[in-house]
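One chain, subunit A, links the two complexes that follow: it is found with subunit B in the first and with subunit C in the second.
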Partner chain A sequence: MAELSHTILLPPEQARAARPVAPARRHRRPLRWGAVGNHAVLIAGALFMLAPLLMLVQMSTIPDAQIMRTGPSFEIGDRFWPNLEKALTESMSFSGETTGLNMFRNSMILGLGFALGKIVISMMAAYAIVYFRLRFATLAFWLIFTTLLLPLEVRIVPSYEITQKLGLLNSWTGLIVPLIASATATFFFRQFFMSVPEELLEAAKIDGAGPVKFFIDILVPLSRTMIAAMFIIMFVFGWNQYLWPVMVSTEEGKFTLVQGIKQITQGLEGGHIPEYGRSNILAILAVLPPVLVVVFFQRWFVKGLTESDK
Partner chain B sequence: MKRAGFDNPWLPILLLLPQLSIICLFFYWPAWQALRSSFFLEDPFGFGETFVGLQNYTRLWDSPQYMKNAWFTLWFSFLVTFFSLAIALLLAVKADTVLRGARTYRTLLMWVYAVAPPVAGFIALILFNQRWGPLTEAFAQFGWLLRVRLEYFDTAFAMIVASVWKQVPVNFIFFLSGLQSIPRAVREAALIDNRSGISRFWTVTFPLLAPTGFFLLIINITYSLFDTFGMIDTILRNNPGDQPVTLVYQVYLDGFRGQDIGGSSAQSVVLMVLVLALTVFQFRLVERRIHYT
Partner chain C sequence: MARVTLDRVHKVYPNGFEAVRPTSFQIEDGEFLVLVGPSGCGKSTLLRMIAGLEDITGGTLTIDGREVNSVGPADRDIAMVFQNYALYPHMTVRRNIAYGLANRGTPRDRIAAKVEEAARMLNLTDHLDRKPAQLSGGQRQRVAMGRAIVRDPALFLFDEPLSNLDAKLRNQMRIEIKALQRRLGVTSIYVTHDQVEAMTMADRIIVLNGGVIEQIGTPAEIYHSPASTFVASFMGAPPMNLIEAAFETGAVRLPDGTAVMDAPGGRSGPITLGIRPEDVRLGRGSATFDVALVEELGAHRLLHGKLSGQPFTAHALKESDATTGSHRIDLPFEALALFDRETGMRL
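The block that comes next holds the complex of A and B.
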């Protein structure tokens, strides 16, 4: 009987595999061609995803002149560290400001600034909408959630003109704040606050907690997981911005890595030997931080993504 | 709203102020500007503007260049959506069935989500390099000599490959979470009724995944329209010539580079209407989804 219930609790594939095996040979699993096929498909998929990045790494280890002749191969050379040093410290332009390190710093400012700003502003707004009796609540709600409908790209030119009018070109404010003007995170936090039990607020009120104390001491700690999930999504989104930085930050000292890709590809043209080694390392630098964040905080990331996009 | 909300009159306004002012300044004002300028023709030297009614819109309709890019955007979105959904679904179904290494596969299949679109374009430039690009060589084996950035169709092909590569992970994540939320009892009942894996997939799993699929459909169309900008700009290296571009890229070219504010505003409004229609469509589907479950 115990055997039977055990079989039912197993996932279907495993249950099917477990059934015909005689007790004496239980430990030797028969080779199932179905499973082999599944793994083959998944390995092919994983390679499809991984191969381009491995190619970038391989190309950064061999001399540029050799790449110009033969392209990527399976050979691993010794140019990685010299190329890395060059990418980090040497500037791509005459101004001396587009070094890998400088662009890395700018990308960090954009990614972190965007994520933090967005989370703080949307938590405040969501708190006001959910926890207060407000006369204009419905109006505020619609004003805020209409922004979910239109992405920045469709109003890009007028947004640029307004940022220019306000004198915010080439400033961190002009780069980050217009990107925050959408309510994705506010919507997410509103959903979450709505699911927090009503009794919590009643209990806090009986204990004499005011709105500020309730927010800081109860609601924020309660939302920790949600904040982490949002932070990961928003950091990746901010770090990967391209069109807006290209338009707003024209001073080389403000270039981000993702924006620098444009300069990098232009460096591959022209008569001299294209600098594949350095370019590829800069491209790897541009993807590494968001990829590491997504891989290491996978559980929160998936939670944030699948719950916020709906 | 909570039943026992706080009654403080000023605090909520203070809390809402940052969000509302940013939205008014950088959302409603530009959106209004776009709508307004789409009915005006701006003097190229900035001396004034004249009301021209719908002329900016009819100009678009009559422009062969715009219509060509509209068609390109349409079939580009269709192909990217179709292939990224199909590949992701296959991978998610397999990742859901295997027992060994499930977590490793999941990580390996989702990390590309975090890659910035311009980097995807940069990688495509290398893969499709004229002289030694691995994919150029692979297709040359079949007698297809790809000339990306020179031939219209070949450039479009490279853009589609790069976009699909970049979009599979998002779809994979959603399909996998959709699959994992199918109750075990349903799966077991299906297993008893139907031993064939393929027919079980089409009669049980696929219909249960349909809501996720509809939702992803909209997400993918929006992605192909808007998030591919960086990838396209990198592949074209800032110099589109007569190569294919999407409608969003056209807005940027006309409004930012060409200084045709009226024309680019009309294009923005067309895109706004398109996105609004998609969103309304999505909401209606979400409504219907409630009846499913």
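The block that comes next holds the complex of A and C.
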């Protein structure tokens, strides 16, 4: 690890050259040591986060037996494409349904279902709380807010029981709906709606927009940066769900990537060489979409923030 | 176009605050009515009740003979221009203007034609595809106007629409709005706390104070015969001089004993005497005005100082050589207004 980070940080010849160059430069532009320090910290942090991912990639290119013997190394082998193909198309169980592609699709359904469902539900809840003179709106809001104290892990037994009694085990509905209420998102949308000028609502009223029209034509487009932010958070949250899918879906056809990786490394107990290469590929597949979502929406997010004026 | 009638309309906010006391008046078809008054006097509240944005606590509001107390804002056939314009930030100018028409199911080609027409009228044709954020304050103001006029409403409501603009633009928009209203002939209610706007734009002015109507009248009536000391001091820049005086031995006398006017009928007691600065005649007369400061305004000058120990302002033409020091002045009888000292009402 230490070697790895050092090599990437500065190629040796540059590392040596850095010292004599610094004083010469000082004449023209003073070197800001604060900035150098900041960058050093940031680069070190980035490498610390990246190293495990680089290890994953490296280990997916060499044969499984070699990983057993030597662990991660700097060697780049030729097993990447075969491993990828195996991971994507070959099932690792009798049912034949736990292929990488299948699990990828399932994870996608879960992540998107969570993100979109949570955004829709919490926007509507926040809309009701902020814009309608409900009798106990504040109370309702704080009740929703206190559910933050009750994450899934705390209420998993009753949640499971309800899902089971409703006959929703092994269904997408059972996987998604019980987790779809989100206090966090409701809270953020509430704060956002409260910052929208009152006059917009009044202007819309005079323009003949009813509650639904105001919501769809004005509030939703105005919230797009907020929606993007919530989408990032909720998609990653849904994608990374482990405990709930493990409990609710026992059918292999509904396994997600996060579940599947676990399944593979269990092979170790069977006396075979575990399929490290394949599970590393699956792990990469599992990491990729959240990263892409963040990268993609982040740009959108910044654009929305700077463009819209409120 | 419409006639609007308020009959004992009043407003009590949920917290128990009575923002508008029972108020009755009528606005004629095509009239430009200005509601003016100091901050917090209930102008916006009154306007918003007419718009339907605020519930009417009591009384009846009629627009064109139809009682609209419980009719929603969209169905009152009104359009409103807000102080901060309230443009939809994510929509282009075109969509902003068209939104109200689209919601009413107006056919597309008709919307397009109306938007083009409004844009031409308001000099917005080149900006139709911009977002509000890409417009200047004056242009945003025009878009807000455009949104109001495309719908051909029976009643325009304006809530301090010019107060976010700089002085020069404000003067220009004031004239434009007035001209537009003249041209369209739409009944309008315009809220402002700027008495210059009120004087220049209004057919009739309503002066509000603390939720009560102080006076209703044409700008000239309000200016020349204010109904109370409040109106006298609120309208006009500089405002009417108000000095303490009294009925004494058959005359209205200043505290120093100078008689300014005969008072038949043997009345006595304290009063407040009002006179507009431009009605004061300099250079002769019985009263002595101690000028402490001369304000040069180009077209004329304002002399500030004391009359019989009380703050006083007089208006001097630019050719007069008014300077600081004592001046003889005359307060012409026909320009004087007498107010009850206690109630502030015109005698």
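One rule holds for everything that comes next: the second predicted complex is superposed on the first by the 246 of 310 C-alpha atoms of A that agree within 3 Å, B and C clash if a C-alpha of one lies under 4 Å from a C-alpha of the other, contacts with A are read in each partner's own complex, and residues count from 1 in each chain.
The rule we apply is simple: a residue touches a chain if its C-beta (ideal position, glycine included) is under 8 Å from a C-beta of that chain, and two chains touch if they have at least 3 such contacts.
None of the values given here were measured: they were computed from a predicted structure.
Residue contacts after overlaying the shared chain place A:A283 against subunit B, while subunit C stays out of touching range.
Once the two complexes are overlaid on the shared chain, A:I273 sits clear of subunit B and of subunit C alike. Touch criterion met: A:V294 reaches subunit B, while subunit C stays clear of it. When both complexes are overlaid on chain A, the residue A:L139 reaches neither subunit B nor subunit C.
Applying the stated contact rule after C-alpha superposition, one finds that A:E202 touches each of subunit B and subunit C. Judged by the touch definition given at the top, the superposed model places A:L101 against neither subunit B nor subunit C. In the superposition on chain A, subunit A positions 202, 205, 309-310 are in contact with subunit B in one complex as well as with subunit C in the other.
Residues 8, 11-16, 34-35, 38-39, 41-42, 45-46, 48-50, 52-53, 55-56, 59, 69-72, 121-122, 124-125, 127-134, 137, 140, 143-144, 147-151, 153-163, 166, 177-178, 180-183, 186, 198, 201-202, 205, 210-212, 214, 236, 239-240, 242-243, 246-247, 258-259, 261-262, 264-266, 268-269, 279, 283, 286-287, 290-291, 293-295, 298, 302, 305-306, 309-310 of subunit A touch subunit B in their complex. By the touch rule above, subunit A contacts subunit C in their complex via residues 197, 199-200, 202-209, 213, 217-218, 221-222, 224, 307-310. Note for the complex: subunit C touches subunit A at residues 51-53, 72-74, 78-80, 82-84, 86-90, 99-100, 103-104, 132-133, 147. Remark: subunit B residues 1-8, 11-13, 15-16, 18-20, 22-23, 25-31, 33-34, 37, 87, 90-91, 94-95, 97-101, 105-119, 121-123, 125-127, 129, 131-134, 165, 168-170, 173-174, 177, 184, 187-188, 191, 197, 215, 219, 222, 226, 229-230, 233-234, 237-238, 248, 251-252, 255-256, 261, 264-265, 268, 271-272, 275-276, 279, 286 touch subunit A in the complex.
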